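Pasting the structures in now, so scroll down.
Each of the next two complexes has chain A plus one other chain: chain B in the first, chain C in the second.
Then we have the complex of A and B:
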């Protein structure tokens, strides 16, 4: 019987064997089509462009939450630094966007001059435009590839990947685990954000990179259309990321990383190189986070070092915890639910509560509410919002694969059992 | 009989306490061996040293045909070389099914990329079903390991060790907390396993050791006190004094 199951498993496609993936993809497709129809760019215009951007950004946050769930929910590494990788992805794409657009502007303004500009004049012009704000006029070394889109796209994947590889190798090799590892990852993201805050870091200090919503050479395309392009790209990335994550956590690899989460010493005695598995997951999720960031910041329009402050990574953990860690859709639900709710509360749309003696203004009190709900979820509903799905599936009779229902051999079979 | 594992002159001190004191031990390729001794005799430390969890202060541990030293190898490398270990308290992955537990333990590739690309094969499924039969868990393959009884978990862990197809099996108190019937089944599994490989059983329970019907090594204060048949060691005066007499 088990042979048959394996045979059938081999013939059926991956998504069929994992129905939750199919359901997720269908829901995502429906959502994408729905927003397309309702948005200004190509549809009837019920949804504003700025809300399309919010939704697109939310999809990117769902993608990075997925990465967080892989590394924390499945592999048990509570990384509090994944938003650093997200930010690096954003900086990498932001550098090209800013460079290429400034280049066009500089060329245009120099075209009016009597002599055609030399390449050096153009380069100096771009540098002055970009770095004037931090009192510099020369390109720092990190901008060496900023003129090339393919190279900066490569950096979106390679820089977070390499940073995670080196950091993870050092940390895992020394068998740093648990809360100590979390503190190390916090230190990493804090150090990175403090470094970027400096004006001479070469990335415009606390000004960050701005104007990222404008695609170079496409000024005539309205934002309502550009926003849809990024929305589709984010939806596609989330869909692909979901399938990739589902594939990674299925089968023996998934078994091993969940086993590492539950008892890593035991996994070592089974002969698996635990550190190599952790490093693989840590690096893979850093790359996913980098890609998510590269899609997020052109929609946000601006990136600055505050985005990779430690608190951002803690929020990420909170989303995954509230959504339900250890299940992929839980991470997506948590990120979408909490970040949209956060937009609503902090955007001033939530009505203030007047208690007579004190008025609760949600812009200030939202973080308190979020903190309390995090504590409540951790204590009362560790499975998070995703746990609600269990309430539904548990109503259907459990699959006992034909085994006895009761302790007696030949006792009631599930078909006969009274539900 | 050729030697599979040879431990010689090994010592290990923890904060001034000599857990292992100039211990020497050897076991053949197809041998069942019981190791007994009072608490603190160094039984668990001995296993920790062989499996790479603890590094000894001095001495050598040689293993296999080429007399490879285990002291420089990591836990996972030692496991890959064919040394399996069962812990005192059953440590199975409770959140995963019996099938997943056994599949994970099956011998085969262990690196992350190889594991990621590996797909379920008919042979693997067959082997898992066969193992489940051997350890009496055939009906429970799709149940979570956490739902099993204490005795079943012990068997599952032994099954996972057999799945690794080790050349040397180290088993720590397999019969602890088992019913008499479960003990009997455990004895059978171990005796059967020792027909094709070396098995070292650490046990407190004299009756259980007697039923294994094998050579016995008595440890005391980190070194070997006596070695021989169960009747031989139980007649030894030193053994009676430190262990049986109490």
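Then we have the complex of A and C:
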């Protein structure tokens, strides 16, 4: 499967110009094959099913981090709302999973009745099963398409895409930029999560959607196999997402986007429709985030509004920053590194540190360490982990100390101009 | 006649025999009791009324004691003489007996000669009602007030006469007012005379009391009735349309069925049960069971069963709608006669207008207090973000630090007033230090890189929150307000505001004045404005920009700490309390207009009143209110991206 992605990548000429894409795809393929051999589903069973799920989820997080890098690292829009798009994608697929599975259960239980069930009885039965927990027994309007997998799959792409399009159009049109845009996207995320927390939002309030790990009609397939399917799908999505992102940021389009990041006004004066470029990137990344979410939550098994809370989007920014923004592999490395490390620390596997007077329990102190190391990365190593690769490949960035050469804070400095 | 003579004779004999004192068999109270002796002894709720009334109306001072003893099951009757006494049980068989007439002890007797009167709970209630009459004229004002409380809790028709009798000779003015009000309320509910009721109703014109509405609303009670044509009459209310909000079609048809005007309709479940009961060889009335997978097919099967006489025939949908359209549904007033209803609805309409006005005022006060809380949360930000242009996402955590400082101070200083006085400067000091440290260690390296400032302070915010969680735990900690801030300022039954909210409002005003003073009238404020407008020029003038930035940031953070103490008094102290306010605080500053303290004030007013307004439209759901408020703000920023008060000219470019 991943070999296919590599093949597809080879056909594109730009891959030759960007060797990192090839290296990344090869690493991803190697990783996928390795996990397949080691996992329970089809291999020798060294890796447990739950760890396969963790790895699969990590791949999805890498994909959403890739989207974040595209919108922030390349286009300079620090969006604090991409985890909301991620969550929307999860909700969209979760609605179908929950509906279809409940439908099977209801039909099975009604089959024992003397009369064959009417469509109305089935629908009422499903509604009672799903919404009994929030005290409702009728389908809200948002569930109108939940019976159809193709329509919900379309929703995975369309809902985040449309939301991003409308929000982005409103925001970019009125020239909301920089930190204002960040705060505005954060407000959007907060509004969405608060809305979903209500019981009458139609999406089961803070209970969220659950039981998503069970595929409807495939109860006899063991989870070890299902987890591998999702792992492969996540790996494929990440591979395709990486190629797509690399293709978008290469060439003239990518140059314009980077130019917008560095000096938006100048690009506008050169005659480029800055708003359209930003809107395209914002919407595209929202769609990628939605797809990543749709792959993530069936592996997680449950989605609730807390997943959409603003802090999740901030963590996304943290991953990208630690991995190194402005380079695609940086985002992937950051997301994988931090989220796996986070799982290790908060899972209680990390050994406690005994200081004599106080024992540092990592379950409690990991967040502190993460927050402080994030500050340290921002201050001391703006390139993140990706900067290490620069050391290997001997690429040195200009020294940015010295007097301003232009009126803008982002303008080149004296010594940069010298090089 | 002979019997009473006999009785007196026996009485005399007994009184001679009695060792201690003779009972006064001819005392007035005993005569009243004897007149109703049989009813009292064989009491039932239906027959006891005259006896209680006679006692209560006797005007005898002993009557109250008789009723109290009776109610407490302490009244006994001599089996032979039939005289009533009260007694204490010394042990299982022995009684110490007292006379009602003068309260004197008659001696100790075996209880074989006496029969205890045990009124049931219904009668005890009636006795209690009669006792109210005595309590209302009790010399002790406390007892009178207790009696009024009891009537207010559970009014009865019998209280009305008692209240009227007791109203005249009330000396305490506040009790007199309460008695009059209660008398008027009871008149509305229980008086037989329509004119008196209407007069009482009009007495309350414009009154906002909840009790008035509680008395008036039952008068307007209606019953929905159905007829083929609308009947004439004063007691007919509005005509209802089936399928409207007041009367659903199902309910309307239910009325028709109950009135015998239409055949019953069968529900989906009942129909299924009926069908299931008639399955024969996989068929129902000749129809294959397997084909009955739609409502239409089931209807047909049921109709076939009904035609065969197996089940009750039911109305079809067409018959239902026909029946609904050929009848008229209307409300009939059942709570009171038409004239009273008219008076009550007129007065109630006036009252509801007044209530609406007052609710609007109350809402205004609520909005004001919410606005002052947002203002408090945002004002530190107005300095660090608004004036300096530094995004500090850890601002909410400074609020939290201030609140926890207050909590820790209260652990050491038990006096709440003193602890708040200590906590406010201490919270300022702690958060000032934290702010200066943050500025020195992190922010000064990131001036002109706002996105990175945002991210780095996020890291600080995450770390501070978790540290607070590790130290203080996840449960909410109390920050108790001093006693003099308890309670609330009540204007009437609708408009009230708690003192703590007033205190927060006053604190917000003081902050506004303080910051305006510091920024516009002091050397520090001048230097701050100089540095923010043009740091290089300010440096050339001998101002140290580093020092000023550090102090300004510390000042803004310190104010967040004081705001934390105030917010902690009003809400619980948790490690997440800052995070709850941070987005709203930024919204407040952005909506108001960055770089302007007055703008922050306007922004807080707008955000606060908006949230309260939306909550009023949908009171059950504060989450929805916050959602819609944020959406509104996002839209607002579309149209005024620089806030309500936008800086103009060169300052806007900085």
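Odds and ends about this structure:
Just so we're on the same page, the second predicted complex is superposed on the first by the 382 of 419 C-alpha atoms of A that agree within 3 Å, B and C clash if a C-alpha of one lies under 4 Å from a C-alpha of the other, contacts with A are read in each partner's own complex, and residues count from 1 in each chain.
Note that a residue touches a chain if its C-beta (ideal position, glycine included) is under 8 Å from a C-beta of that chain, and two chains touch if they have at least 3 such contacts.
Since the model is a prediction, treat every value here as computed from it, not as a measurement.
When the two complexes are overlaid on their common chain A, residue A:30 makes contact with neither chain B nor chain C. Looking at the shared chain after the overlay, A:321 reaches chain C, while chain B stays out of its contact range.
Of the two partner chains placed around the shared chain by superposition, chain C is the only one that A:194 touches, whereas chain B remains out of contact. Using the contact criterion defined above for the overlaid structures, shared-chain residue A:263 touches chain B, although it does not reach chain C. Touch criterion met: A:370 reaches chain C, while chain B stays clear of it.
After overlaying the two complexes on the shared chain, residue contacts for A:116 are found with chain C alone; chain B is out of touch.
In the superposition on chain A, A:175 makes contact with chain C only, while chain B stays out of contact range. When the two complexes are overlaid on their common chain A, residue A:184 makes contact with chain C while staying clear of chain B. In the overlay built on the shared chain, the residue A:78 is in contact with chain C alone; chain B does not reach it. In the superposed model, C is the one of chain B and chain C that contacts more residues of chain A. Shared interface residues of chain A (contacting chain B in one complex, chain C in the other): none.
The touching residues of chain A, counted against chain C in their complex, run 76, 78, 113-121, 167, 170-171, 173-176, 178-180, 182-184, 186-188, 190-192, 194-195, 197-198, 200, 310-311, 314, 317-318, 321, 364-365, 367-368, 370-375, 378-379, 382, 409.
Per the touch definition, chain C reaches chain A in the complex via residues 268, 272, 275-276, 279, 289-295, 298, 391, 442, 445-446, 448-452, 454-456, 458-467, 469-470, 579, 583, 586-587, 590, 621, 623-624, 626-627, 630-631, 633-635, 637-639, 641.
Against chain B, the residues of chain A that register as touching in their complex are 2-3, 5-7, 9-10, 248, 251-253, 255-256, 258-259, 262-263, 265-266, 268-274, 276-277, 280, 399-401, 403. Residues 51, 53, 74-77, 79-80, 84-85, 87, 91, 93-96, 99-100, 103-105, 110-113, 115-116, 118-122, 124-126, 128-129, 139-143, 160, 164 of chain B are the ones that touch chain A when the two sit in their complex.
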